[in-house]
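Paired with subunit B in one complex and with subunit C in the other, subunit A is shared by the two complexes that follow.
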Partner chain A sequence: MLTLDRVQVSFGGVTALRNVTLGVGEGETLGLVGPNGAGKTTLFNVISGVVHPVSGSLSFRGKPLLREPEWKRARLGIGRSFQIPRPLHHCTVRENLIVAQRFGAGKVDPRRIDEILDLLKLAHKADRDAVTELALTEHKALEVGKALATDPALLLLDEVLAGLETAGKRAFMQTLGAVRDRFNLAMIVIEHDIPTISTLCPRVAVLNFGELIADGTPEAVFRDAEVIRSYTGEAVA
Partner chain B sequence: MLELTLQALFSGLLAGGYYATVAVGLALVFGTMRVINLAHGELVLLAAYIAYAGESRYGLNPVLCIPFALVVVCASAAIVYALLARIEQDREMNSLILTFGLGVILTNLILMTWAADIHSTTNAWMLDSVVLADTLFAMRSEVVFFVAGLALMAAVHLWLSRSWQGRAVRALSSNRNAAKLMGVDPSRTEVLSFLVAGALSTFAGIAIYTGKTIYPALGHVMTVKAFIITVLAGMGSIPGVLIGAIMIGVIESFTVTYAAASLQELAGMVLFLVVLFVAPSGLFGGKKALPR
Partner chain C sequence: MNPRILVPVLVAAYLAVPLAFQSNGYLLGLIVAALTIAGIAVAWALLGNLGGMVSFGHAAFFGVGSYVSAVLTMKAGVPVFAGLLMGGVGAAVASIATMPALRLKGPYFALAILAYAHIFQILAVQLEGVTGGAGGLLSIPRFPSVLGVDFGTKLGGYFVIVTIVILAALAYDAIRRSTWGLALKAMHDSELATRVIGVPSTHLKAVMLVVSAFITGVVGAFNAHFINFLEPDYAFSGSWTVLPIAAAIFGGYRTVWGPVLGALVIYLLDQLLFKEVLPHGHQLVLGALMAGMVLWSPGGLVPVLVRRKGGRAHAHA
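Up next, the complex of A and B:
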C-alpha cells in the first residue's frame, strides 16, 4: 500500500536518507530500527509530508504522494504519532480525538471515538484536560488515539514506547496489537527496544546513516553482521 | 473625589470594550500564523475613515457604513494574508518587516485621501450623553459599542469553542504540526482568521470613529495597544484579552483624570513592562509543561 522508491533526502550537505526503497503491504506491521541519527524519523517525515525528498518517489495505495501537503496525506489515511506528546491545549481528551476525526476522517462518529477511548484505556479520562491531567502513558495513548481518529489505513508510530518502564511497554504493546487487529491497520513502528520490536513486528527494517541495510524477519535481521556492527560500532570477526 | 474615580473607572471600562475587539483580531492571526500583523491597527483605521467618508460625503449614519467597510477591510486583510503567505523563509522576522511596510503604506494612503485632520462623528444621536446611576456620564455611542463589542466577543468565543472552523483555528494555534497531521488545512484556517480579524477591525473602527477622534497616525497606536493587551492576556484566551483590554482602558483613563492626557500612552507601556517582569507568560497564559 505504501511504496518508497529510491528516496533521497539531504539537509544542506548532509544526506539523511540515501536511496531508500521500501514497501509496506495492507495490514502489515513493519518495525523500523537503527542507531540515533540513522534517518528513522526523517523517513516518517517524508511519508507524512513534513520533509520533501530531493529525488525518488512515494506512493500510497497507488496514488503519488509527493505533491500532497501534510494535511491531505492525513486525510488520505496516513496517521502519525509524535515522539513527544502534542495534545491540543484547553481541550479534553475526547475533544482532541473529535477534532482529529472531523478533519482527518471528514465525519464525526462518536461510536468510533468511544471505541478508541476504550481500546487505549482512556475512557475514564475522556473528559479531562488533555494537557494537564494525563499521566505519561496516557499522553502516549492519546497520541496514538489522535492518529487513529483520522481513520488511517497506515499508522506511523514514532517511539511511542520510549520512556515507559518494561511492564508499561509490554502493556502498551499489547494495546497496539489490539488496535492494529481491530482496525486492520498497516503500521510502521520506530522503536529501540529489540524484544518489543521482535514481538510486535513480523518484519523489521534497519536504517544506518540513511541507508537501508537490512529488511526481513526479526530473527534474520538481528543476526545480520552488518546490523550488529551498526549498533555496536565494532568489527565482527 | 469618589465620583471622579468612579467616572474614570467607567470611561476606562467603556474604552476597554473596543480595545478588546482590536486585540482579539491581532491575537487570532498571531495564533494561526505565528505572525504579528503590524498593519492590524491600520485596518481598524481604514474602517474608521470609511465611516467618516460615508458620513461627511453622503450623510450616512456611521453604522450604515459597516457593510461597505467590512468588504474593504476584509479584502485588505486578505491581501495582507496573500502577501504573508508568499514568505517562504524566516516568516517570523520577515513578516514583521512586511506588515510594518504595509502599515506605513496604508497610513499614507489614508493621509493622501483624507488629509491629516482630526475627525469624529457629527451624528447627534451618537454624541448625545447618557447618564447612569445619576453620576456616570458617557456618550451614547460609547455605551452602544461597548455592549455590541461584548456581544461580538461572546460570538467569537462561541465560534472558537463550538464551530469546526473555530476548532481548526484553536488546533492550529495550539500546535501547528499536530493540527496538520490531524487533517487541518492550514491555509484555509489562516485565511479565515484574517477575515474574522477584518470583521473585528471593522467593528472597532466604527466604534472609534463614533466614540473618539481619528487621525492617520492612530493605526500605529492601535497596533501597539492591541499587542500590549494580547501579551498581557498571554495569548489565546478571549476572556483574558477582555480583562487585559479593560485594564489598559482603566489605567489610561485614570492617567488622564489624575495626571495628564499626554501620559496616557506611557501608562499602558509601564503596565506592560511591569507585567513582563512579574509574569512573563502573561496574566492568564501560563503554559503548563507537558510530562515527558
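Up next, the complex of A and C:
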C-alpha cells in the first residue's frame, strides 16, 4: 500500500536519508529500528508530508504523494504520532479526537470516538484538558488516538512505547495489538526495545546513517552482522 | 449563545438604549459611532482569536466596504441595504488580494497587511472617475424607510448598526463553538499537530480572513450611508484600525462580547469625559487606560466581570 522509491533527503550538507526504497503491504506491521540519528523520524516526516525529499518518489495505494500536503495525506489514510506528544492546545481529550475525526475522516461519529477512548483507556480523561491534565502514558495514548480518529489505513508510531516502564510498556503494546486488529491497520513502528519489536512486528527494517541496511524477520535481522555493528560500533568476529 | 447573556443584550439593544436616548441626538450619535467601532472590533477579534493573526489592516476592509456600497448605490442604483451586503462582499474580495500575506506570521503579517491597507487608499485617490478621487463622494444615499420605519434617521441608523454588531457577535460565537473553532484555536500553538490529522490550516485561516473582512466591509458600508460622505483619508484612516484594536483588547478579544463592551466603554469615556477634561491629548488618557487594563487583566474587561460574578472564567475561550 505504501511504496518509497529511492527517497533521498538532505538538510543542508547532511544526507538524512540515502536512496531508501521500501514497501509496506495492507495490514502489515513493520518495525523500524536504528541508532539515534539514523533517519527513522525523518522517514516518518517524509511519509506524512512534513519533510520533502530532494529526490525519489513515494506513493500510497497507487497515488503519488509528493505533491500532497500533510492534511491531504491524513485524509488519504496516513495517520502518525509524534515522539514528543503534540496534543491540540486549548482542547479536551475528546475535542482532540473530534477535530481529528471531523477533518481527517470527514465525518462525525461519536460512537467511534467513544470506542477509541475505551480502547486506549482514556475514557476517564475524556473531558480533561489535553495539554495540562494527562500523564505520560495518556499523552502517548492520545497521540495514537488522534491518528486513529482520522480513520487511517496506515499508522506511523514514533516511539510511543519509549519512556514507559516495563509493565506499562507491555500493557500498551497489547493495546496497540488490539487497535491494529480492531481497525485492520498497517503499521510502521519505531522502537528501540528489541524484545518489543520482535513481539509486535513480523518484519523489521534497519536504518543506519540514512541507509536501509537490513529488512526481514526479526530473527534474521537481529543476527545480521552489519546490524549488530551499527548498534555496538564493534566489528564482529 | 447563552440566553442569560443574549436576552439582556437584546433588551438593552432594542428597548433600553433607544428608549433612553431617542431624544438625545448627540448621545445617540456617539453610541452609533461606538457601535461602528464595535463592529470592526468583533471582526478583528474573530481574526485574532480564531485565526491567530494580528491585523493592522482592517481600515482597508472598512474603506473598501464603504466605497463599494457608496459607488454602487450612487452610480448603479443598487438599493442601500443590498449595498451593505455588497460592501461586505467587496471587502471580502479585497481580502483575497491580501492572502499572500497569510504565509507570514506574527509581526510580519501585521506589517504586510498594513502595507496592503495603504495600497487600497492610494487606489481610492487615483481611481478618480469612480471614487471622486481625493475630493471624495458627497450625498451618499441614506437608509430608506422599510415598512413605515425610517432607517434614515439617527435612531434608524442605530437600529441598523446594533443589528450588524449583534449578528457579527453571534457569528463569532457560532464559529468559535464549532469543530472549526476547535481546530482554529488549536492551530496557534500546535499547527503541525493539526495538519497531520487533516486540518488544512492555511485554508482555515484564509476563511477567517474573508469572514472578518466581510463583517468589516458591511460596517464600513453602514458608516458611509450613515454619514453620507466619504473621502480616502477618512475612509481608510488608521483610526479604523487602531480604535477597534484598542476596544477589542480592552474588552477582551478572546470573548464574544468583550470587543463590543470595550468599544462602548473606550469610545464613550473618551468622547464624554477625557475630551472634556483634556481637549488636546485626550488620547493620552486612553493609552494609559489600555496599558492599565493589560497589566491588570491581560484577558480584558469581560473576564474580570465573569470572575466577579463568581462564574468560571473562560480560560481558553
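The rule we apply is simple: the second predicted complex is superposed on the first by the 237 of 237 C-alpha atoms of A that agree within 3 Å, B and C clash if a C-alpha of one lies under 4 Å from a C-alpha of the other, contacts with A are read in each partner's own complex, and residues count from 1 in each chain.
Here, contacts are C-beta pairs under 8 Å (C-beta built on N, C-alpha and C of every residue); 3 or more make two chains touch, one makes a residue touch a chain.
What you see is a predicted model; the values in this text were computed from it and never measured.
Subunit B and subunit C, once both complexes are superposed via subunit A, clash.
Within the superposed three-chain model, A:L136 lies in touch with subunit B and out of touch with subunit C [touch as defined at top].
Contact with neither subunit B nor subunit C is seen for A:P35 once the two complexes are overlaid on the shared chain.
In the superposed model, A:G163 lies in contact with subunit B only, and not with subunit C. By the document's definition of touching, neither partner reaches A:G27: not subunit B, not subunit C.
Shared-chain residue A:H89: touches subunit B and subunit C both.
Contacts of A:G56 after superposition: neither subunit B nor subunit C is touched. Of the two partner chains placed by the overlay, neither subunit B nor subunit C lies in contact with A:G177.
Overlap of the subunit B and subunit C contact sets on subunit A: residues 48, 50, 69-71, 74-75, 79-80, 82, 86-91, 95, 99-100, 102-106, 146-147, 149-150. Touching subunit A in their complex are the following residues of subunit C: 179, 182-183, 185-186, 188-190, 192-201, 316.
Touching subunit A in their complex are the following residues of subunit B: 164, 167-168, 170-171, 174-175, 177-186, 236, 287-288, 290-292. Interface residues of subunit A, counted against subunit C in their complex, comprise 48-50, 69-75, 79-80, 82, 86-91, 95-96, 98-100, 102-106, 108, 129, 146-147, 149-150.
The residues of subunit A lying in touch with subunit B in their complex are 48, 50, 69-71, 74-75, 79-80, 82, 84-91, 95, 99-100, 102-106, 131-132, 134-136, 139, 146-147, 149-150, 163.
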